[in-house]
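Remarks on the structure that follows.
Think of it as A, B, C, D and E in the order they're written, each chain with its own count starting at 1.
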Amino acid sequence: MQLGKVVGTLVSTRKEESMQGLKFLVVKDIDVQGQETGKSVVAADVVGAGVGEVVLYATGSSARQTAVTKDRPCDAVIMAIVDEWEVDGELKYRKVSAEAEWAS
Amino acid sequence: MQLGKVVGTLVSTRKEESMQGLKFLVVKDIDVQGQETGKSVVAADVVGAGVGEVVLYATGSSARQTAVTKDRPCDAVIMAIVDEWEVDGELKYRKVSAEAEWAS
Amino acid sequence: MQLGKVVGTLVSTRKEESMQGLKFLVVKDIDVQGQETGKSVVAADVVGAGVGEVVLYATGSSARQTAVTKDRPCDAVIMAIVDEWEVDGELKYRKVSAEAEWAS
Amino acid sequence: MQLGKVVGTLVSTRKEESMQGLKFLVVKDIDVQGQETGKSVVAADVVGAGVGEVVLYATGSSARQTAVTKDRPCDAVIMAIVDEWEVDGELKYRKVSAEAEWAS
Amino acid sequence: MQLGKVVGTLVSTRKEESMQGLKFLVVKDIDVQGQETGKSVVAADVVGAGVGEVVLYATGSSARQTAVTKDRPCDAVIMAIVDEWEVDGELKYRKVSAEAEWAS
């Protein structure tokens, strides 16, 4: 899975029929230090993620292993909202109530 | 899914039999700011996208999860035409009637 | 699918049993302007492509969606020979009888 | 499979239901010389790997071929802890009891 | 499939149960000119490849299409030992008895 930050939303009214009802979020990749990598993806959301939240997303056929995305032409899904992670014993990120807190 | 801009069409008469009838479009990748990334792909179209439109495409096995591409050697499919998206609260793109409008 | 130019052939006598009889071609990736990208792949051929021809190839599980490659450890297949494509209304490539013609 | 070094842990309480109980580890890719490549991934762990250990991880649908990850939206799994490897006849890494030893 | 050169071996005693008995080889990617690309992979071997040999390997779900790797968390398999290939009519590599010969 990749770490990403939800930065926006995307609207599409004309899409493959089975994609009706899926919520699309715009996600920027971040690395394990919390820095943006320059890559981005549009992912379906199945966990109720919001703009500003740090998430994990899965790609490829794994993105279809949810009730919502099964058998759909969907290759990226947000499957977890991140609470915190640490690297080499240092806290890199912790979600605080409504807002995120980045360890410096 | 990746954002892309349809820039052209591709014709092939000699192809794997199951690919007969599929429409191939040439797509340039764009990032969430709307800038071209330098990557491109040739994708099958199942939503009636036209040159100049901004689309979402899915890759890998997910590209075969449509009635038109099922069980075919197709690894990229345009599955949505983008109406608009925003990043950090700013509108980055909105489709206007027949033409697209880019937010500056 | 990716655009590529067939540049050569590859011979292997000692291979996984199910791969017997498959023809391997060496393919250089080209972008939508017709320029080499520096990437290359060895692909199975199911459409009778020859050296010098511009082709489309599919990767991943999609490469196994042909009668010839089904259930084989094959992750790249040439599934179409390109006749022509255009970008932004300009012809970028047209196959002419036995030889290819590049638009300048 | 890719070589990686486990550098940390990640916690998520709000995630796709089927992901409950999976342990997420933060992994930095390393190349065959043992150098970090700059890429990273968050992987599910099915072999009891710990921070500091060098592991192999598998991606894509292959990441779901374990009892723990089957049918889940999981696209990266640590499936082996590395004891040692060598390149061109030279030992590059050997795990020593609780700590790893890098050949210089 | 990608071209690679087998440069070493890797040992893991603690691994996902179904991976028992698989032989892991360290492979450096080479391009169609025979030059290393800087990428590498650890692949399962199903054709008896040895260090120094030039091989083809398949990735993703295609890596599981052999009797040995079926239903295992394996995403890269060496499925052919290369005898020779040519590019633009020039021989780039030919395997000679026990040793490989590179065309200059």
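By definition in this document, a contact is a pair of C-beta atoms (placed from the backbone, for glycine too) under 8 Å apart; a residue touches a chain by one contact, two chains touch by 3 or more.
Bear in mind the structure is a predicted one, so any value in this text is a computation, not a measurement.
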{"item": "Superposition rotation for chain C onto chain D, Cα-based, multiple of 5°", "value": "145"}
{"item": "Euclidean distance of C-alpha centroids - chain A vs chain D, Å", "value": "21"}
{"item": "Rounded Å distance between chain B and chain D, as computed from the means of their C-alpha atoms", "value": "34"}
{"item": "Residues of chain D touching at least two other chains", "value": "60-61, 63-64"}
{"item": "Chain contact topology (line, ring, star, complete or other)", "value": "ring"}
{"item": "Going round from chain A, first to chain D: chain order", "value": "A, D, E, C, B"}
{"item": "List of chain E residues in touch with chain D within their complex", "value": "7-16, 18-19, 24, 26, 28, 40-43, 51, 60-61, 63-64, 71-76"}
{"item": "Residues on chain E engaged by chain C in the complex (per definition of touch)", "value": "1-3, 31-32, 46-48, 56, 58-66, 69, 77, 79-89, 92"}
